[in-house]
Every structure is written in C-alpha cells, then in structure tokens.
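Multiple structures follow.
One chain, chain A, appears in both complexes that follow, with chain B as partner in the first and chain C in the second.
What follows is the complex of A and B.
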C-alpha cells in the first residue's frame, strides 16, 4: 500500500497536478475569487492556445523530433482562415481551411526532415521564417476584420458556460492521450523516439510515422490559429511569435524527454495549465507584470531540475 | 590513415567554405548591380554598424556553443540583459558608465556561467536549460527596467557604437579583434582541440581525460561574455537600452552559424565561417531594405538561404559517405580500413543529422 502510494506520488503527472493544486489553493487562500468557477474557466480559456499547440509538439518530441515553426504555422493558418471567413462562407469551410493549411505546412516540414534529411531544428528554424514571411507578405494589403459572428462564435461561444476553445482543448487532450497510450501509432512513435535505429531494423516505416507527427503538429497549430482569429477577430503578422518557446516549455515541464521516447499528453496538459495558472496568479496577487517572465523562467528551470533528479534516482535504483 | 581521413574531412569543409563565400559574393554582386548606392562607403559603414557587428557577436557566441554539441537559445536575452544592466546602473543608480559597462559584461558572463552550471552539473539538456534562462533573463530585463528605455550615455561611450576609427565603425574593430582571438583559441590551442573533440564525441572525450564539465562551464561563460559584448555595442549605438533588444535574435545567431558551415550536430565549424554567415544575413537585409522590401521578405530570403545551406550540407556528407565506400571497395588492407573508419564516422554523423538536433552535454534527457 505504502509502495503503491509512493509510486503514485512520484509519478510525474500526479506530482505536477499536486503542484498545480497547491498553487491554486495557496493563491486561493489569499484571493478567494481565484478559485471561483468563472476564474478557473477564464484560466483554461487563456491556456487553450498553448494547450492545443502543445499536444502536437508533445507527439513530435516523443517521436524524437522538434518543431519550432509552430508559432508561424499558427499565424499563417489564422490568416488563411480569417481571409476565407471574411467571404461569409460557412464557418466550417473557414475552419477546414485553417486546419488543412496548417497540415500542409506541417507536411512541408515533414518533407524537409524525412526526405531531404535536414535536421529538424534547422528545417523548422528555416520554415519559422518562411511561413510567417510568405503569408504576411502575400496578404499585407488585406486587413482581417469584421468577421461574421457565426465564425467568431468558434472562439467566443460557450456551452454550459465553458468557451468552445476550452472544450476543444480538453477533448483533444483526451483523444491524444488515448491515441498515444493505446494505439499502434502511439507505440510506434514512442519506439522511434527511444531508439530510431532499432525501430527501423524492426521493420517500422520510420520516415512515414515521423512525417505524420509533423503533419499532426501542423494541423493542431492550424486549429489553434483558427481559434485565435475567431477569438480575437483579427490577426497581426507578429501574432504568435515566441509561442514556440512557451509551448516547448509546457512540453518539457510536463515531463517529456527532449530527446524523445518518453513523455505523456497528460503531463503536457497539466503543465500548460500550470504555467497559465502561475501567470494568472501573479496578476491577482498584484505582482508587477514586468516580473512575470522571470517567474516563468524560474518555474521552467525548477520544474526540469526536479525531473532530472528524479530520473537520476530512478536510474540508481535500477542499478542497485 | 589519419592523413587520409584528415584530407577527406578538409575537402568537405573546403567545399562548404567555398560555397559559403560564393553565396556571399553572389549576394554582393547582385545588389551592386541592382542598387548603385550599395557599394558606397557610406552604405558599408551602415552595414558594419547597423546590420553586422551585433549579429556577428551573437553568431560567434552561438558557434562556440554549437561546436561542443550544445545550443544557446538565451544568447539574445543575455545581450539585452547586459544592455539594460548598463542602463539601470547609469540612469537609476548614477554609476560611472565604464564601471557600468564592465558590470554589464560580468552579468553577461555570469548568465552564461549559470547556463553552464545547469547543463554540466545539474544535467539539464542545453536546449531546455537555455529555453528556461532565455525566459528568465528576458524576464529580469523587463523586471528591472519595467519597460522603460534607459539611456542618455556620455559621448565617450556612445562613440563605441556611433563613432569611427580610420573610417571604419569603432565596434567593427572590436569585433575583428574578438574574432581573431576566438579563432586562435579554437584553431591553435589545446582548449580549442578539446572543444572539437567534445562536439565530435562527448563520451570519448570524457574517457580520454578532457575535463568536459569544466570546459562546458568555460564555453558557456565565454558565450555569455561574447553576447554581452554585443549588448554593450547596442547600448552605445542606440544611446539607450531596452529589455526587448534583439528579440528572437537567438534564431538569427544560430542561422548565421549554420550558414557559415557550423554543424548543428557539433564538432565541426569555424569562426571565419560564422563571420561570413553573419555577413550574408547582414548584406541581404541591407540590400533588401535599400530595394524597399519589407522585413517579411527579408526573413523569407534568410530562411530560404538557410534551407539551401542545409541541403548542401546533406549532399556533401552523402558524397563523402559514397566516396568512403568506393575507396573501401577499391583497396584492401590498411587503406580499406581507414576508409571504413571514415565511412563509419560519416554514417554516425548522418544518423545524428536525422535524429533530434539537440544533443548535448547533459547526461539526462530532460
């Protein structure tokens, strides 16, 4: 029983959830309205962009890759979806355009990485510039605005008092977590990430699965772009810049190994909410917004340090 | 055996260096033909002052870290932290500007040292460490300035960024001296050889007695100092300092290094290459600005050239592998063995090329 309890508590996701709970209650004691239903919903609402994008990046990183072009895919897809939505077509067509556009950009990354064999960091560093630049240059004369309410409802509408983007994020968390855990796809992605050569020798079509992870990541960044433009009613060329760093932060604080093969969607989900909770908590506690970045930076470093120490202890126990 | 592999390796880097210089020459010739003012002395002073020097400091910083198979995403944040440290000390605390500049350089070095400690001793991977410290250092910069522009420095200081010596911008002299020192350390000293060895094979380096952890500290601290020097120049040039200086500059620095032939997998690359890589970006941005193209066209052009460089790198490595196999088939005995070892090393390189790009000093993979 005690051993089981120890296992549960030292489990990364549970540990993170406990930290999240502690932050919540700690701030809640000082500022009771922080734990109100409305406040929690707003917090999840604010976490939804990072959360949705982080799902795709978690899958990419577990598979041994990296994608730093996600912020650019988000803005490019947001522009595409916004331009279509302005034409007063069915909102579903606009959503489809954004997601398909994101998937197409993800496929470009996939081709550069799996066909031309360019290291993922270099390939997506290049497309980070190219995607954002090309889309904003092509559409610079067309301001996005005056979107029909049927479309903006995707970003602002609510069901049961909870905004759609939160439902979308939560739904995707569940689907992705189940897919990574219980499907052949998930198992293959983990095996590629932990030992690519072994996966290839055991007959896995490594390139095809790796390509798929970038397409998934692109689609989710595209979907997040749709939600972004629907929620804000417009999109600027600079929107979503620097997002890649926040998203990678959520993924690694969530316990995913940056070298691949290890990690979970649940961890990412909790970490994305945790990072947003810390940001929101600083606001309600009246900590100057100027110091938020520093606090987030310390959170990232402390979070990963704890995991590194935990990992070392487990390795020692395995050896003993 | 050593001679043969050495010759093959130098043929590769030779071809890559020629490609880099050729791209720079092509960019310069195109703009010279398109834009008469491009070749004017005044424009080149402008390139040196506005487009090149600060980027080159960050590119050199990125290069020494990438050579040891690390990565530093916090380079531009250290650059900004140094600049605002100077601003805060001078404006809020009336510290003498030169004392402030030295403290700024020390703060930058300390920031690099913290990266090194987290990577070498705590065991967090370089990418994750510097992602965290990027956020932290930018956060501290914003926190201590509260978003203010802090400036109004004495002319003796701003001359560092705005003046010229013998017709060449002052900071270009400082950069040139720095480039020479770093190039000599890398190419002619034991420390330099250790760095390439660490990038080529960290485990073998450790086993052969190279003080890997201590060297990691030294390299990241030096990278912090180099980024800080760029930050001092920026504070002098703008006569002010802001926490958002060089936002996203880490990507430009890494791009310049890769353009210059520095292998993202570590163990390969030269300072001269990084300097040329930064020059390609600077000239491209200057020329496109003269032609009236927006910042977005510029970043697309830089992105495309980066892709081109990456594809050339792959082609050269693939060719070397093919050649190695061919030699191995032709010759028996020792010759064949040497080719085999060359082939093995290239295959290893290829594997690391296709695999996650962030490899590095940390023993644990978080």
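What follows is the complex of A and C.
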C-alpha cells in the first residue's frame, strides 16, 4: 500500500494534479465562488489557447527541438482565418485556412531547421519576428473585426454548457497523448529527442520526423489562432505576443525535459490548467497583476527543480 | 611522487576501478597498459580531477590531495594530456598554452611576454611551432605538442599522457618520446597510458597492468617480455580465443569499389563474402570510420559504388542502408547507440520499428515477442525487456545494440569497436556471438583498435592509413607487427596494386 502510494506520488502527472487541486481548494476557502462549475469552465476556457498550442510544442520539445515562433503563427493564422471569415464564406473554410496557414508557417520553420540546419532556437527566433512583422505591414496594423456569427460560434458556442474551445482542447489532449504513446511516430520522436545520433544510425528518417513536429506545432498554433479570433471577435497583429513564454512554461512545468526525449502530453495538460488556475486565483484574490509574471516564474523554477531532483535520485538508484 | 591508494570507482553496470594502488615516482616513465575498458581512462580522469573516486586516497609528495575540479589538480602540479584534443581551435597557440593559467585571467595580458614563454616551452621540447598561429592551422601532431606544452606550463611535477600517439605517425611519436624522456630527466613523474605495447616496452621504466578495473601488477619493464605483458593484459593465452567459425562461402555479399570520400578516403576496394569476417584496422583519422559510415549511408561517398548481393545500392542515408540489408553497430555506445531514456525492448526494436507497425500503431504484442526472442537468443542478462537500458552492464548493452540490427534481418553487419569498454567475460561472449553470426552466412566487417581482436576474429584484415588501404592480409599472414607497420605507413611492401579478399 505504502509502495503504491509512493508510486502515485512520484508520478509527475499525479503530483501536478494534486498541486492543482490544492491550489484550487486553497483559493476556494478564501473565495468560495472560485470552486463552482461556472468558474471551473471559465478556467478551462481561459486555458484553452495555451493548452492547444502547448500540445504541439510538447511534441517539438520531446523531439529535441524548440519553437518560439508559435505566438506569431497563432496571430498570423488568426488574421488569415479572420480575413477569410469576413468574406462570409462557410466557417469551415475559415478554419481550414487558419490551420493550413499555421501548418505552412510551421513548414517554413521545418525547412530552416532540417534543410538549412539552422539551430531551432535561432530559426524560430527569426521567424517569430518575421511572421509578425510581415503581418503588421500587410494589415497596416488594422484591427480585424466584424466577423459573422456563424464563425464566432466556434469560439463562443457551447455543448452541455462547456464552450467548444474547451472540448477541442480536451479532445486534442487525448488524441495527442495516445499518439505519442502508441504510434510509431511517437516512439521515433522520443528516440530522436533522447539521442539523435543513435536514432539516425538506426535508420530513422530523423529530418522527416523533426520536420513533421514543426508542422504539427504550426497547425495547432493555427487552430488555436482560429479559436482565439472566433472567441474574441477581433484580432490585432500585436495580439498574443509573449504567448510563447506561457506555453513553454506549461510544457516545462509539465515535466517535459527541455533537452528532449522525456515528457508527456498529460503533464503538459495538467500544467497548462495549473498555470491558468494560479493566474485566475491571483485575480480573484486581488493580487496585483504585476506579481503574475513573478509567480509564473517561481512556478517554473519549483517545477523544474523537482524534476531535476527526481532525476538525480533515479541516477542514484541506478548506481545502487 | 604521486601515490594512489585503494582507489575505486563504480559506474552503473560496471566497476571501472577496483582498489587500485600505484606509485608514480619522480623521474620515471611509468607505463599504464590495459585493454579497452580496463579502467585506464577512469584512472586518468581521477588523477586529473575530472571525476572523484568513490573510495581511496591520493598522496602527492607526502600530503593527501583530493580534487573536485581539473584546475585544482593543475594547481598542485598534476598535468594531464587527454587522448582527445581539448583545445580552443580559434585561439592562438600561445593562448592555448596559457589556457587556464592565472596569467590570462588577471588584468592586462603582456602578449610579447606570453609569446616568449610559449616559444621557450617548445624550444625546450625540441619542436618548431609558430606560437602566433591559430590552433586550427596546426597539424594534429603539432596540436598534441601544444597540449603537452599547456600541461607542462607552470610547474608540473606529475604529467599523465593518455594515448598521446593515437593520432601520430612514427616520426612524430619519436619526437614525443624524446620530449617525455627529457621531462623525466628533470625529475618529473611521467605516466604513459597506452595500449601500444611496443612503445611501452621501449619507453618506460616500469609498467602497471590494468584488467577489468583491477591492478594486475607493477613490474620494472626490463623484467617483462612482450608476451608476458600481453598475457597479463588479456588474462589468457592468445591462442585460446581464435574464432572458430566455418570457412567463408564463395559468394560475395558486400562489394565496395573505388570508394572515395573527399580527401579523407581514396579509392578503396573492399569485398566481404558470405560467412566471412573482414577486419578493418587503422589509427584514428585513417579514414576507417568514414569508410564504414559511408557503406552505411551515414557519410556521403564522393565517388565509388556499393553492391549488395550483386545489386548496386544507392545510399543517401542510413534509411536506404537498412532497406539494402546493411547494418551498423556504432563504436560509441553512449553517443551513437543507446537511447538512454528507453527500456531494453524499445532500444532493441528501434531499427526494425517499421516492420512492427500495424497502420500507425506499434504492434506491442509482436514487439514484445521480437524483443524476448532476441534477449533469449543473445543471452542478454536483463530482468525484463522493460528494464531501463542504462542499468544494464556494458556487455549486455552492446548485445542489445547487436540485436537491434539482427532484428532488421541484415545481409551485411558492420561492427565498429564491438567490445570497447566491456569486461573480458562479456568480450568473449560478443566474440562468440560474432562467430555464430558469421556461421549463419552474414557478411561481417569489424572495425577495431584492438589488434588482438582483429587477429583472432577476422578471416582477412585490411589496414588503412591516410585514407588508403595500406595492406591486405589473410589471417595466415597477419601479425601484430605487420598491421602496426601498415597502419603507421611503414610497410616495406606497400604497393598500389589492387587486391581482393578471396572467398
């Protein structure tokens, strides 16, 4: 029994979920309305943008890469989808445009990284500026708005009282978690992130799989962009800047090794909700928003420190 | 004088050093020999302060010392020249010599003075090097001397050289030996770590032999013959471990013609027959590994053709090689072989994953079946296929990597340093396994720095030097001396004439 309990508590995802529950109930003692169905739904609703993007980034990071252009891809896709939606076409065409646009920008990253062999952090740092810069110029910094209600329903509509974006996020969490665990793709991505040379020398088409992770990340950022613009009804070229930091935070706190090879979608899912809970809790507790960044930063450090200590202990156990 | 007392160091799965006590006396050249994996490198790293021993103590000139960083060892006068180059290639020779000395980090640097000091060191060693040149402009041998210069800069009382001649030719080696003698005459304790026994025999005053992390003994060199030294090293008579696989069959499986890779490999022909073991010998930088990787598609051929079973194959990447039935078990297990975060089963099926897929999903039942059958067949010692790969011993890890490739049903298996860093018992098992594979009709190419391994395993040995095949020796004609001569480019009968292995 004790051993079983130890197993549960040392499981990172479970540990994170317990922390999430503690934060949630802790805040609930001070502010009872925080623990209501509506509040929980709002929490998940607010977490959905970061959550969807974080799925793609988790896959990229597990594969040994990094993509910091996701915020720019998100806003670029949001603008593309918004512009198409303004033409009063079927909302599905607008969704398709946003996702395909995101995938195309992800493919640009993939090409820079796998063909031109530019280090991922440098390549996506460049595209982070390029994607947003080009957009600002093309749209003359104008706000995109006046979207038809058939399109905005994607962001605002509800099933069973739960908004579509939440369903989309939860569905993608499940699909991605299963894919990373049970498909050949998942296995190969883990192996590349853990030891790229070994994977290559085992006949794995490393570049192709790496490229795929960036395209997936781009597509998901694109989809998140569509949801974003549909929900808010408007988007500016400056929207979503700094988003990449929150997304990276969710991935890292979720236990994914920033150097690749280890991590899980489940961890990212719980961490994304945890970070949103902390942010929302600070709002309802009336703590100055200036503190938010600092608190998120501390959460990252605590999360990663626990991870590093866990790893050291595993190493010691290996020796024993 | 440096004294090691009861030094031990354990790594996951291997006892790297077990209760080692050695005395390096002032003014002597002390050879430390042992096979790959005997513990030589661990010893060097402990003395140099790179790693800490688990147990034991070091005594330098009568006082106990313990280092947590290389700089501390250096400050006490212990200098280490590592096997692999450790220089800042973009910096000048002088900067490399002074690297890590307080002179470079305190206030302004007087460059004229610094250059003079560096020049003095090389004049002393009897080598000519322009100290103002950037490091990358130097030849490997010169770079080695710069590293020695760095080691003796300041006041070294102990200097350790780890395989310093690995990348040097005969002439440069002689120059290096002269420098070592000079240092020992000045009262410095010189430790010479090597597996080149001839060099050890002529150069050293005393020899310590390591095997499997144990100290077998320390003897005055003149009391030892080469044969006794080898016996101490490998722990048994050479004749006791000749491979007993049957005669190769007269069918060529792998046929490489005119293989050229930039200026690293020139016009190499190579054939391996069904059931044949061909050994590829050569020093570091001989082009040996480049050639092997090119046959596996991991390095591009600039010229040449490769045939497998008579059909020409185009190898743009290892992916193509796998399809063509070529397997490559890498030389550096940690860096190029193991996926450290995965378990035994996942590591074992990495190369054959595409055969184990049903639609997009990995067929777990078949994967388990494959893994289990190989674990049994290769006698891999693991509690289950779900055991983390890192917790296996070196020998068993190596077997998993061999199994990874056998699962792809290859025709050609290239093994790069198949027994590096594993203990003697496991080594014998790997050799047995390779013989069995040859007996099943696979064409096998072994790259090894371990001459005994090649001499005992291979039907035929090719020796590479500076990108060319310098000698082609059938088992009956191959001797340690001939291989070393050819590897260092000193073959008397070296000819440009084409040759072929006979099936």
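What we mean here is this: the second predicted complex is superposed on the first by the 316 of 320 C-alpha atoms of A that agree within 3 Å, B and C clash if a C-alpha of one lies under 4 Å from a C-alpha of the other, contacts with A are read in each partner's own complex, and residues count from 1 in each chain.
Keep this in mind: a residue touches a chain if its C-beta (ideal position, glycine included) is under 8 Å from a C-beta of that chain, and two chains touch if they have at least 3 such contacts.
Given the structure is predicted, the values throughout are model-derived calculations rather than measurements.
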Greater chain A contact set [chain C / chain B]: B
Touched partner set for A:11, first chain B, second chain C, both or neither: neither
First (chain B), second (chain C), both or neither touched by A:262: both
Which superposed partner A:234 touches (first chain B, second chain C, both, neither): neither
Touching partner for A:125 - first (chain B), second (chain C), both, neither: first
Chain B versus chain C as contact partner of A:197, first or second or both or neither: both
Chain B versus chain C as contact partner of A:139, first or second or both or neither: neither
Which superposed partner A:86 touches (first chain B, second chain C, both, neither): neither
Chain B and chain C contact sites that coincide on chain A, given as residue numbers: 197, 262
Complex interface listing, chain A residues touching chain B: 64-66, 112-113, 116-123, 125-130, 132-134, 136-137, 140, 196-197, 237, 241-242, 245, 248-249, 252, 255, 257-260, 262, 288, 290-298, 300-301, 304-305, 307-308, 311-312
Interfacial residue positions of chain C with respect to chain A in the complex: 10-12, 296, 298, 317-319, 321-322, 328, 330, 335-342, 346, 350-351, 353-354, 356-357, 360-362, 364, 388, 390-391, 404, 408
Footprint of chain C on chain A - complex, ascending: 179, 182-185, 187-188, 190-191, 194-195, 197-205, 261-262, 318-319
Partner chain A, residues of chain B touching it in the complex: 71, 73, 118, 122-125, 127-129, 131-140, 142-143, 145-147, 247-248, 251, 254-255, 258, 264-265, 294, 296-300, 302-304, 306-307, 310-311, 314, 350-351, 353-359, 362, 364-366
